[in-house]
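In order of appearance the chains are A, B, C and D, and numbering begins at 1 in each one.
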């Protein structure tokens, strides 16, 4: 690991990994919210019925 | 039908003079600003003039492209045209041609001003220059008519149009600048043939896409 | 005969029209009523292909309108909520232009006659940008005299009209009724509509709610067979 | 509807991707040959090129989804198009970031008007416009239609952009273009594995996103259900 330019490689790798992970995190949160709302809508619908 | 539609755009412009006057005054104003910010000398200007020139025309064309669709919305004449027995592809060609005509007319006024203000020598081969200009104008109005049709019903469309148009026409702008520079440098056609071909392919691609796809864009 | 079958339309995810089916027989004057936002205007605009729809079919005398060329729209004339003209042009120029879009070449005398018939001064050459709402509506009505339509679709035609304008419109509608022409009238003014229409259909929340024949309430499905 | 990762196949795929992400990193760090000049900087290439490939793949999918949406008018093609546009733009951004990180030590300057870089930048800008249209437009059918048109127009513009930029910056063509078949097997197979992992990651994220968009459409539709 004493090779030259290791910092640059690490920076590039981290940028890619962090970007993809944040992406997954964001859409995962969105999915969670949507599922909660779907559940809420379903229960309120069955209450009406 | 195409002639009716183009004549309509020209008649409206003849009555209101909105598009051409705003194009020409805006273009002249930018040219003046260029002259003030660069203090032109004939030698130095030759390098930058083609680029500056096409920037002016691109900015100016956005005014015409935006206005030509926003005029249709004012009293909702667009719904009238859409409900009339007019093919949408013909509608696209009419917008495309009238945009082209406005751009050419504005250029006929602005180009002499540009050469005068920036103290540029006239190019030796005027025919080549005219051919390149007409072709590039076709390209700008083909892409521009399609895009202004796309954004016309979107909010903040006056801002979106240049944002969409400028990156889309980069290849056209590069080729226009390069071929204009070559003509002003009196280079033989063979040396800049490639740029000419690029302009041609851009015109063909966007004319075709617009012709085939405008139907999907026009309906609300 | 215009037949509209199972038209659905959503704006975003909000349904505007749900499974709307409707038929207008030859020579029938159909009134479409409903509160604001019930989808009346949208339905009209879908028929003349100003607005796209999400599903369903529309045909005129058996020929599909939705997936066909522009010529299939020729029998239909649509007068929208907005006047549908070019503000910088004069009244006569606007009429002439629209006639040309329908492939007609009316003489200037014809145009002038139509203008005076709707109560506009044919000699006036200024741009219609200066016109009042009522004058624009009169000009829009002049379209119905200039273009030979088979089905007229009118969206809130009384908007902005004064008393005289309204009675002129009523007169026009009565003449059309006598001549057995087909009309689709949209208005929220139920009273005005019922005095003219053969049949009324109510649209509410994007669904056809009820329809009436001469004030008699009956179910829409029974009427489709009749029409 | 259930969550995407409650499906067995999705879970397995996610696990495989996580493992292979680490495997690729290990191979890149410890197995592949060290370039005598560029040393570690050269290894950015194992991530930079697959990102570019995925970005291009994304925009290709946008184009096909656009054509399918215009012809079939089925909302699912719009979901696919939007998901692919988002992923394409994400990876486009990654290419634009990792490129300069590599170029800083090797070319001495982070940015050069090199044709591929410039083309990617222009594509990125075009897609920024695409997302603005999507955000400022209502969520109606028309917005889906015009997005499809934009996706198609943008895609057919790419070759023209590339050729024009290539001849415009004829003096700046420093971009390394190594022929992969001439590389030693360690380099070749690591690169191929990385390419495969990125492609599978793209497919997985695409399916995840399409699933969410479908879910979203159901939820939004139910809000108006009377």
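Some points to look at:
The definition used in the following text is that a residue touches a chain if its C-beta (ideal position, glycine included) is under 8 Å from a C-beta of that chain, and two chains touch if they have at least 3 such contacts.
No experiment lies behind these values; they were computed from the predicted model shown.
Measuring from the average of all protein CA coordinates, the nearest chain centre is that of B.
Spacing of subunit B relative to subunit C, judged by their CA centroids, is 38 angstrom. Taking each chain's centre as the mean of its C-alpha atoms, subunit A lies 17 Å from subunit D. Averaged Cα coordinates give subunit B a centre that lies 32 Å from the centre of subunit D. With centres defined as mean CA coordinates, subunit C is found 51 Å away from subunit A. In subunit B, the positions touching at least two other chains are 219-220. Residue positions 52 of subunit C are each in touch with at least two other chains. Residues of subunit A in contact with two or more other chains: none.
All chain pairs that count as touching, in label order, are A-D, B-C, B-D, C-D. Within the complex formed with subunit D, the residues of subunit C that make contact are 10-15, 52, 54, 205. Remark: subunit B residues 143, 146, 150-151, 153-156, 160, 163-164, 166-168, 170-172, 174-175, 178, 194-195, 198, 201-202, 205-206, 209, 213, 216-217, 219-220 touch subunit D in the complex.
The touching residues of subunit B, when paired with subunit C in their complex, are 1, 4-5, 8, 11-12, 15-16, 18, 71, 74-77, 79-88, 219-220.
Only residues 1-4, 21, 25, 29, 34, 38-41, 43-44, 47-48, 51, 90, 93-94, 97-98, 101-102, 104-105, 201, 205, 208-209, 211-212, 215-216, 218-219, 222-223, 225 of subunit D touch subunit A when the two sit together in their complex.
On the side of subunit A, the complex with subunit D involves touching residues 1, 3-6, 8-9, 11-13, 15-17, 19-20, 23-24, 27, 30-32, 34-35, 37-38, 41, 45.
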